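I am attaching a structure below and will ask some questions about it afterwards.
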Amino acid sequence: MSTSFAPDSVDLIARSLYCERDDRVLFQHLDLHVSNGHLLQLAGPNGAGKTTLLRLLAGLNRDYDGELLWKGESLHKVYSEYAHDRLYLGHLAAIKRALSPIENLRWLMSPWMSEDRDHAVSEDQLWGALDQVKLAGYEETPCQQLSAGQQRRVGLARLAIVPTPLWILDEPFTALDVDGVRWLEEQIQRQVGRNGAVVITSHHALQNIPTLVRLDLGALAEQEGLL
Amino acid sequence: MWQWLVRLYHRLGSPKWFYEITSRWIPWLVGLSVVGCAVGLVLGLLYAPADYQQGNSFRIIYIHVPAALLAQSAFMMMAVAGAVFLIWRMKMAAWVARSIAPVGASFCLIALLTGAIWGKPTWGTWWVWDARLTSMLLLLFLYFGVMALQRAIESEDASHRAGAILSLVGLVNIPIIKYSVEWWNTLHQPATLKLTEKPSMHPDMLVPLLIMIVTTYVFFALLVILRTRNEVLWHERKRSWVRDLLES
Amino acid sequence: MEFNSFAEFLAMGRHGLYVWLSYGITAVIVVINVILPMMQRRRFLKEQRQRMRRERRNQTGEKQHASST
Amino acid sequence: MSLVMATVKRDLLLAARNPGEWLNPLMFFLMVAALFPLAVDPDPKFLSKIAGGVIWVAALLATLLSLDALYKADVEDGSLEQWLASGESLYVLALGKALVHWIASGLPLTLMSPLLGLMMALPDDAFPALLLSLGVGTPVLSLLGAVGAALTAGVRSGGLLLSLLILPLYIPVLIFAASAVYHAGIGMSYNGQIGFLGAMLALAACLTPFASAAALKLNLSR
Amino acid sequence: MSLVMATVKRDLLLAARNPGEWLNPLMFFLMVAALFPLAVDPDPKFLSKIAGGVIWVAALLATLLSLDALYKADVEDGSLEQWLASGESLYVLALGKALVHWIASGLPLTLMSPLLGLMMALPDDAFPALLLSLGVGTPVLSLLGAVGAALTAGVRSGGLLLSLLILPLYIPVLIFAASAVYHAGIGMSYNGQIGFLGAMLALAACLTPFASAAALKLNLSR
Amino acid sequence: MSTSFAPDSVDLIARSLYCERDDRVLFQHLDLHVSNGHLLQLAGPNGAGKTTLLRLLAGLNRDYDGELLWKGESLHKVYSEYAHDRLYLGHLAAIKRALSPIENLRWLMSPWMSEDRDHAVSEDQLWGALDQVKLAGYEETPCQQLSAGQQRRVGLARLAIVPTPLWILDEPFTALDVDGVRWLEEQIQRQVGRNGAVVITSHHALQNIPTLVRLDLGALAEQEGLL
């Protein structure tokens, strides 16, 4: 596995995004540029539209006006390449309670495990990742017997495998205890340090990362007179 | 007398006591089952005379009837155990009830399958919608319902209670189901086919049957005890006596 | 004894198939019912013994760790 | 007692706001009954013989499917917890809920049945028996089914499980009701069957709320 | 493509861990079929005439009810979101899910059907037709039903709604399949019907995944 | 409505409570006494057993060992009186999305609205309470058109009506904005001030209430050697 990403591997541009829900404009004239080494935190009060914007950026929702470009091309045109280069971790963890952590992780990582790609993820890496998130010994226990925090960690283990230069994370600190929070902060720092990029929504204050950019959707809306 | 009953009750409620006492019972139960089965089957298969109408196919009776009787009483026992659990919150009763369900269902299935097989030579068909057969089929479904419900509920205590409630509701309904099915069948259809109901059976036929019935009950007790012991071990796995057992 | 030979016993006067099928199915179900709890018990014992060994190892490990620091 | 009344009112209001709740079972009823002529034989003479039984089977399945939602929403949104917190009798609640269920499913079904009777060429004499048997029988289905609904309220994908639990218990109702309709069709008296259905109704109304109440408590003390 | 394979594997694993998923529809199938002799007439001669139709109606209803859960869990726990995030083809996923559904419901149902045939006194000649029609017809039910399941995955108490959407689409399958079994029973050829079922299967396998994929996207872009 | 409760109207005692879940002991030897003017906050990390204890105290769960007494009698023996004297507000809001706030509130308050009790709650009080929680104008709007915070407020409106001396609240600050939090704090202060009692679980720091007692279940468990 490469320990650092190529300098041009992240290039996500949003131009004058506009989005409304239920007749309320969430944001307009929104411009963004995410590239290597960036850490972008979306902030704002409940209901400001953080999750909505994050899903637009992840390509999961097409209900917007404006432009989204990946490496200069429309994001939805080059979607399968984009999908391979970014990792999306949503509110929902996609964990099956009847399956064990390793089985769940195997399913979650399967897009990056096919042989024909370079840097295909190996089975060993999965076990290693579970070890990193303190699930060693629980690899084969059904997830329904794990606590809420442990279940979240199964999804987070993906971050320890790092196959993608861009991470898009929605409230990843949910349900984590102090140790877990520290571990996740380190991962985010490492990802930025090795020239990857992270877009994140979180009420948690991120520190120690020089390139951190905060985008406050609440303030933006006020500025545009949307409230 | 009352004191003794109370003491017995408390002992029964103690998993450790149950495990230890059944350790002593098991060899006897195994022995009785094997001997009873051997004697009953030798008498039934070799020495009992052939039925004047059905010939040798009647020898299926030695498993069919015991299984059918047991399947019905097992449901009752399951419901009673469930009631004990619901009323006095005795965990042992819940474990016994859970152990009975699959065993009772197995015997129900045996009764149905052997009956169906028996039907082919006797009636010329595997299945008819006769009252006895239908109510036995419904009993099987009731068993399956209890088992499926117990499996579906994740919380242990809730699953025991749900199973107990359903088996009690089922118990109230069994006579109603049985009665209605009998009534239905006799109305719709003149009794073209009937289970052989001879008032008196030749003693050479009857004795092995009685032996087999008793043996089946003993064997049933054995199976339920085996399963309940597993439940006991699982639930008491953190207690010192199970740890000691594991050490040895 | 009702039967004169073993073959006759097997044949059960034309009803052999039915009788032996019944007894066979019953035997299978009974055997399953005996084996399942026994297997369950064996699995339980194995798992618990493993768990206890693991716990003991962890405990001694911790003690060593504590004494070394 | 006021919370029971409030609950009955609220549930009826909910049914009025969300007509799918009682229209869907009705449509299902119609469709299942319509499958038979298609699957078996559309000959009216043949149909008229099986009409009573088929209509009853359809009614039974429609009731069964609508039961799944009876307690589920209340468990999920905390209504049931509030109920238990109120200290009022779960027995009466269970009775009230079964009543609401019957008003929203059994009653429209009963009223709709003559239409199906016409479509299935039910003999003219059998119409009163059909209405009567449905009128007395569907409350039993609601009462018995409510027990199953309470037992499976906390279970994911409980729909099929509920069917498995409850169908065997429905058999006596089905037998008596179908036989009432059949006998009416061939001009015989069917008082006995209706009497049995009535007895079952009385029994179910007294006993099943106990079981429902116990089952509901089990969902709560998690 | 690897995520599709992984999903098929995972879903089969889930079905193995949770046998209720495929056992419950099977039980329901048996029970619904058993309702008819009870409700209509247990006379073997009569039953043998309606057996094919009744078995098919029961199979159809069992399939229908098991469909409800097909996508619901995946929508709720975020699996589907991950799928869309992966950029792999939803068409193939929809096909894979329908396949898993058939393996877990249609296939056991088909294998179980001879037992029901025996109990319903199906004519001996009709058994191959029953097996064949179920073998070819139930995959069509799974494919068509998956579209409805995808449409209603985000809807509460979608079970009944799903039935309403899908039942009309099932009618052609039911008609051809039941007629195949009936004709086989009276000793006539039933190649034509099976041919039609085969054609429907081919058509459904090609087209329905498009519809499912579109419906799934609709659930996601909330 | 009385503006203050009788001095002996709250008297809830727990004696050596013991509770385990999934083979883990959550607490043992737990003694508590809640009486007039008390504010008890249950604290502790996720999974410490706060909700579990609260539900025991509310009488909603009987799966424990030890004693629970209400005015000297076993709580479950005098349950219907106890139920009339305490208000329980759980994780779940018991709000039907198809109904309007006033309809929902009417159902929630129905146990206190029957004519035969003294101090029966009147219809006017319901409308007044909705007004207090800033839902004036939304009284007849179906709840599904309200935001998450507004939906929570429907349940909280019950606190403005105050028919009961004892409140048992589980994480009542969830989903509230700054104004809402302030309002709720005021209500709690008023309830304590007029001689009522409150038992609450919350990660939110409660201030300005002299009688506040914090019970840290995490610390307790450590002390008892349960971890």
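Going by the order they are written in, the chains are A, B, C, D, E and F; count residues from 1 in each one.
Here is the rule we use: a residue touches a chain if its C-beta (ideal position, glycine included) is under 8 Å from a C-beta of that chain, and two chains touch if they have at least 3 such contacts.
What you are looking at is a predicted structure, and each value in this text was computed from that prediction instead of being measured.
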Target chain F, source chain E, minimum contact steps: 2
Most remote chain, CA-based centroid, reference being chain A: B
Rotation angle superposing chain D onto its copy chain E by C-alpha atoms, nearest 5 degrees: 180
Distance from chain E to chain B - Cα centre to Cα centre, in angstrom: 35
Chain A and chain D, separation of their C-alpha mean positions in angstrom: 49
Junction residues of chain F, two or more chains touched: 63
Contacts with 2+ other chains: residues of chain D: 73, 161, 164, 167-168, 171, 175, 221-222
Shared interface positions of chain B, touching two or more other chains: 141, 144, 148, 152, 181, 184, 188
Residues of chain B that touch chain C when the two form their complex: 45-50, 55-57, 59-60, 63-64, 67, 102-103, 106, 109-110, 113-114, 117-118, 120-121, 219, 223, 226-227, 229-230, 233-234, 237, 242-243, 246-247
Interface residues, chain C side, partner chain B - complex: 1-3, 9, 12-16, 18-19, 21-23, 25-26, 29-30, 32-34, 37-38, 40-41, 44-45, 48-49, 52
Of all residues in chain E, those that touch chain A in their complex: 1-3, 5-7, 10, 13-14, 17-18, 73, 76-79, 81-82, 84-88, 220-222
Residues of chain B that touch chain E when the two form their complex: 125-129, 134, 137, 141, 144, 148, 151-152, 181, 184-185, 188-189
Footprint of chain B on chain E - complex, ascending: 19-20, 23-24, 27, 30-31, 34, 37-38, 41-44, 47, 118-119, 121
